[in-house]
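Have a look at these structures, which come just after this line.
Each of the next two complexes has chain A plus one other chain: chain B in the first, chain C in the second.
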Partner chain A sequence: MVAKYVMLADTTRCIDCKACEVACRAEWDTPLGHSRDWVKQVEYLNSKGMPEVQLFPGRCQHCDDAPCVEACPSGASWKREDGIVLVDDSTCSGCELCVPACPYDARWLNPVTNTISKCTFCQPRIDQGLQPACVATCVGRALIFGDANDPNSEVSRLLGEKEWQRLITDEVNIGPNHYYFTAGKAIPQEVMPKLHERHLAGKTIENIVNPLGAIGIGGMMAVFLGAGIKKLVDRRKDVSEKEGSHEQH
Partner chain B sequence: MNSTKPTIKVRSKDVIFIHWFNAFFWLTLVLTGFGIISGDFVRLAPAFWPTFMQNLFGGNDSLALMHALGGMLWAGVIAVYAVLNFKRVVLPFLKNVLVLTPKAALADLSSMTITLAHLFGLLKGKKVPPQGRYNGAQRLLGTMIIACSVAIAVTGLYLFLAPIMFEFSASALFGLAFRWALVIHVAAVLLVLLGLVAHIYFAVVEEPESLETMKSGNAEVAFIKHHNPLWYEELQREGKV
Partner chain C sequence: MRHPAQPGSASRRGFLKSLAGAAALSATTLITDAHARINVPHDLEELKDYEEHWGFCDMCYWRCGLKVRSRAGKAFKIDGNPEHPLNRGVVCGKGNSGIQVAFAPNRLKQPQERVGARGENNWRPIPWDEALDKVAHELNKVKEKYGAQALVMIGHGTWEKPYHRLAHAFGTPNTTSPVFGLCCGPRGVSNMLVAGKNLTGNETIDLENCKYFLMMGRNITESLHNGETLGWIDGVANGAKVVYADPRYTITASKADEWLPIRPLTDHAFLLALINVVIKGGLYDRKFVEEYVTGLDELAAKVEKYTPEWQEEITTIPANTVRRIALEMAQKAPAVFVYSPRRLTRSSNDLGTGMSISILNSLFGVWDRKGGIFTPQTIKVPEIDLPEFPHAHVSREEAHGDFDFAHNPFAVNEEGKVQRADGAGVPGRWPLANPQYGLTNEMWRAMAGQDPYPLKALLTAGGNGFTNSTDYDTVRKALMNMDFYVATDVMPNEMNSYADILLPEASYLERYDDLQTGGAREGFIALREPAMQPLHDTKGSWDICKELSKRMGLETYFPHETVADMLDDRLKKAGYSLEELKKTGIIKLAADDKVNFPREFGGKSVFPTPSGKIELIPSQLTALGMEDAIEWEPQPTPNDGEFHFTFGRVGFHTHARTQDNIWLNYFMPENELWLHPIPAEKLGIANGDTVEVRDRKGRGGTIKAKVTHRIRPDTVFTVHGYGHWDMRMTTAAGKGLADSELASDTREKHIGSISMGTSMVTVKKV
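On to the complex of A and B.
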């Protein structure tokens, strides 16, 4: 069976030490001010009126129906069979059509490569049988990565043992493969996905240019197919009329 | 072509070559171009086509490179030809084919509508007004193809060169221009394809004589007299018929 890679984040074990971010930035040599992963702090007053902090390690959620892949004109954004969403640097133009499409703000234009960067679950490392850099370095063992299709994997066991949640809403439910354990606490609105948007240019192609083009070209083909059929019918009628008049003579 | 019917040379070999060169490159560039655009939100061709083309060319980067090189060859050859033959071929062609005023556009639209209606046996009482070398539909299509071809060449060059020449992260304008260049590129191609349906139908079904002219360069005098009476008069004045 093909692997199905997932990331689990136990928010109760995260201490916001930023080791995952440092490991990721070192692994991928990301430019200043840019990171492929992050830890979001959400502060709020709990039901007893006491301040509380929840920590959410985040990155690309490697969604089953990834809108970034659908928005990419060149196919540079693509999804591997094992569920990992990747960006092919040699094809990516850096047009950023995919950037607003991501509801988790996981994509950014890399100022060094001028292509789109994002978390790849450290695909070169996992292809060598290693763990992603963030997982390997996580001090509190808050991050767990593995193959959910392997019943003997740690992630399969943990997914069965605990109540995990995903960052989904009624509006945005695109099959993220990143799970969060919050010990029963509700996930705050701050980390929920935003409605995926698209650049006006992308929407123009999708909603105006392509439909009008399809209707126009289809319509023209139908019109001239009709004209051709009519011409054929008229010609057959002419021939049979001529043959009829020949027979009469 | 029937050799007993009088004909006249109306197209030189270089014009015929450029026409078929243009047609060949349009076909290959459309096939490769629809293979590049992959994302479901922006793709017009069925999903199998980008997969097939990208596999055929060993990846989308190779396919995009071939498309760009083909596009630059197409635009470059036509541009050089146009410059070298501006007075002899391009200027007379533009004078005949460009529809520049609303009045001319309305007249051409009217004659095109009557021609189309005649195909379905409609508006039988209305005659197509006498036409010059190019009829109303050809003039409208020609004007559209010229405008769209320029737009396709300019936007295509930007789509290929901008990611190589400019740092998109340095200014949001580079990416903005790229995204709108893509919109214009696709829209212009679709507009031309729309017109080409009519162009190919008329050349193959309604007026195969025109197709023959685009192969041999010769046109039957009787055909010109019947379809393009204003042009026939012009040829008469010039003593060519």
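On to the complex of A and C.
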């Protein structure tokens, strides 16, 4: 069976030490000011009037119905069979339509490469049998990564043992593959996903670009203004010229 | 982001080609290509090749085992060594940021000599030979004029060892590390007095199996040491109850079952009441006490007055809470632990606090039991053969320079041996202080006051007296008093800005260092080897000391040509070799329950005190006339409008030494002053407002306010290590407020260590 990769975050074991963030930065050389992963610290008063703090490690949730893939006009954003949402750097035009599409704010334009960056579940590492960098370094062993389709995996065992929650709302329910254990505590609104207005506008354009939808050349040209689309077109030509050099997905 | 092994070059060529034909681009092409979107084969990233090098971390003092990944002679990623018992493969945010120590733009990159007045922070680069010649010449000059004891050496880092050796070879007794007098001293002394064991350094607690943690301000998730923190988290996951006492609701508090917002400086009162309840209620481990403990009756009489009701007045913790905790712990004993704070330099009687903790743990019989304190194992690695170290002597009658040694009874002992200037281990001064590390706080005073004898040269290996001590004026005066000051470090900081010669250390990723030999459940020897070529014109401390020793006639103390030779020599004495250690990075002696927990297997505990037993009334204290140290001593409290000033750590900084690290600075560019909403409202302060904080001496500055329920209304807090003013630290300088400008510099009355928690401050909106 094909793998289905998931990330578990046991928030009771997270201490916000930032190891995951720095490990990711070192591993993928992400520029300062941006990060592929994060820890959100939420403090509030509980019903007894006492302070509480919850910590939420976060990153791309590698959603089953990933709106970022849908929003990507060039096809650079894609979802691998094992569930990992990736961005093909050589195809990405840096148009940023996918950025507001993500209700978890996991995507950003890398100013060095001018392409979109995000968590890949450390695809190059896991393809070699290694753990994602954030998981390998996690001081509290709060992050656990693995194949939920493998009944013998640690994630399968943990998913069965504990009550896990996902960051889902009535408005945003797109099948995230990131699970959270909070020992029964409700997840604060601050970490819940939110639809972005800019994305709604972007969706209209996406429908136009989609050849199965209504075609409006004028609107389409507006979207494709700039060099990004040329990069896309030529990338495709280039790929078709040396077909067979890479696996099809 | 540079993706490895991406066949992007071909597509980029295609992209350029297409630019030439851009005019041909038509709407039709676009539509066709859009159709083809879902069929595009995608590039996948691949990992590039790398080499791995063994190391242990230098970002804090716990020293986790590392595997450092390098490519083309440059380190790019630090991973944990899963085989290392101190971190079991994990590395914290600080450890991961070690890359940005090596690559720090602000590093000290070549030897420099002061230009202009001392402390003006102007420099000119000089060649190594010239710098080393000068250092040797100036140090020998001071020795000739004042004697070897006029040299003070202060070290703070894993690389300080050869400087201690150099200073001892030189003949001075005045070497010191802040770890004792500014940090862990009182808890180490307390355990030594009560149990004959130090129980500090790398904690020897069976965290995973402990069932009840009473954390006395031990903020284990933020003042964090990977293996210790992970063990504690495992223990909590395994069902341990956590009671956390701290005026502040830290991340550790958020993991606890119960937070006790105790009044600052009053932990001792709370602990005395616990002892009272445990003894009176017969809640102690009777069998253990009978076999291993002396002084129970005497202690019972002493704590008679310290009732739970008595402590409630002082600590604000309800009396019944104390009774309940005593009972709960007794039920879980011996798998319980009263956890001392790491830094126990707070009040005027930290010894009393520390001893109360040692006593409680002993009453619960935790020694050598599962879930309690284990006996560590070590692999003995002998030191290299060295000549005897000389020790400065002066005759009391002899005129020594222009100083009369007879004037101060503490300057030399009966045999004319010069005593430590900070008084550590000196009868009549601070006999309880460990002379191996000394009292750094008292050494600054000795240098500033030139008392008990002239101190004229300073050698520092890392550290920053301005930010780890709490008296700017004393530290500055001490530095200005020196005839000569040589500083060695990787990074610039306020203290080394006062040096005459500044020697740049290689970072810990660029060098060999001495072996790491530790005591955990497993015994181990770990290796630090270079993971990359030196980026700058720097040297490691062993090479610097070797070069200096040649110029100072002390070369017999540094007999090896290279550090690697020295490691091989040491390892061969222990029956191993460097070649062997390089293969695995660590040599281990497997954990052994029978050695670690002898009393679980019918074995005996060993307590190397004078009586061979746990001494609840320590005989060494009685001999010094200090048996009253166990008694509560009232602590300062804030007047109307004042607050207790407290400071502490976040998980992603080590002391005041990582704020300039660009990867760590990112998380919190400046610190804030935590203030409870009730006083904040009274003072008209809103979250994010800039406020002015002043202590009773008028010291202080401005800082942003964080208004939060996570602190007692009578207390303010800020994160340690901010507010740097050395403009060479371009990332950290000028950001936040230095807690060292507000924390107190009073003394612990028995040990002589510093008390940093007695400062009271006022806060107002600016």
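The rule is short, and it goes like this: the second predicted complex is superposed on the first by the 197 of 249 C-alpha atoms of A that agree within 3 Å, B and C clash if a C-alpha of one lies under 4 Å from a C-alpha of the other, contacts with A are read in each partner's own complex, and residues count from 1 in each chain.
Everything that follows uses one rule, which is that a contact is a pair of C-beta atoms (placed from the backbone, for glycine too) under 8 Å apart; a residue touches a chain by one contact, two chains touch by 3 or more.
This one's a predicted model, so the numbers in the text were calculated from it and none came from an experiment.
By the touch criterion defined above, A:A3 reaches neither chain B nor chain C. Of the two partner chains placed around the shared chain by superposition, chain C is the only one that A:S117 touches, whereas chain B remains out of contact. Once chain A of one complex is fitted onto chain A of the other, the partner contacts of A:I168 are absent, as it touches neither chain B nor chain C. Contacts of A:T91 after superposition: both chain B and chain C are touched. When the two structures are aligned on the shared chain, A:L109 is found in touch with chain B, with no touch to chain C. With both structures placed on the common chain, the touch criterion links A:A26 to chain C but leaves chain B unconnected.
When the two structures are aligned on the shared chain, A:M192 is found in touch with neither chain B nor chain C. Once the two complexes are overlaid on the shared chain, A:S74 sits against chain B and chain C alike. Put simply, more of the residues of chain A are touched by C, taking chain B and chain C as the two choices. In the superposition on chain A, the residues of chain A contacting both chain B and chain C are 73-75, 88, 90-91, 110, 209-210, 217, 220-221, 224, 227, 230-231, 234.
Note for the complex: chain A touches chain C at residues 12-13, 15-19, 21-23, 25-33, 43, 45, 50-55, 73-75, 78, 86, 88-91, 110, 112-113, 115, 117, 120, 123-125, 127-128, 133, 136-141, 209-211, 215, 217, 220-221, 224, 227, 229-239, 241-243, 245-249.
Listed in rising order, the residues of chain A touching chain B in the complex are 67, 69-77, 88, 90-91, 93-97, 101, 109-111, 114, 198-199, 201-202, 204-206, 209-210, 212-214, 216-217, 220-221, 223-224, 226-228, 230-231, 234. Chain contact summary for the complex, chain B toward chain A: residues 36-44, 50, 54, 59-61, 64, 116, 119-121, 159, 162-163, 167-170, 175-176, 178-180, 182-183, 186-187, 190-191, 193-194, 197-198, 201, 205-206.
Only residues 1-4, 6-8, 10-15, 17-19, 22, 25, 27, 29-31, 33-47, 76-80, 89-93, 95-97, 99, 221-222, 224, 226, 229-230, 233-234, 236-237, 249, 251, 253-255, 259, 651-652, 662-664, 666-667, 708-710 of chain C touch chain A when the two sit together in their complex.
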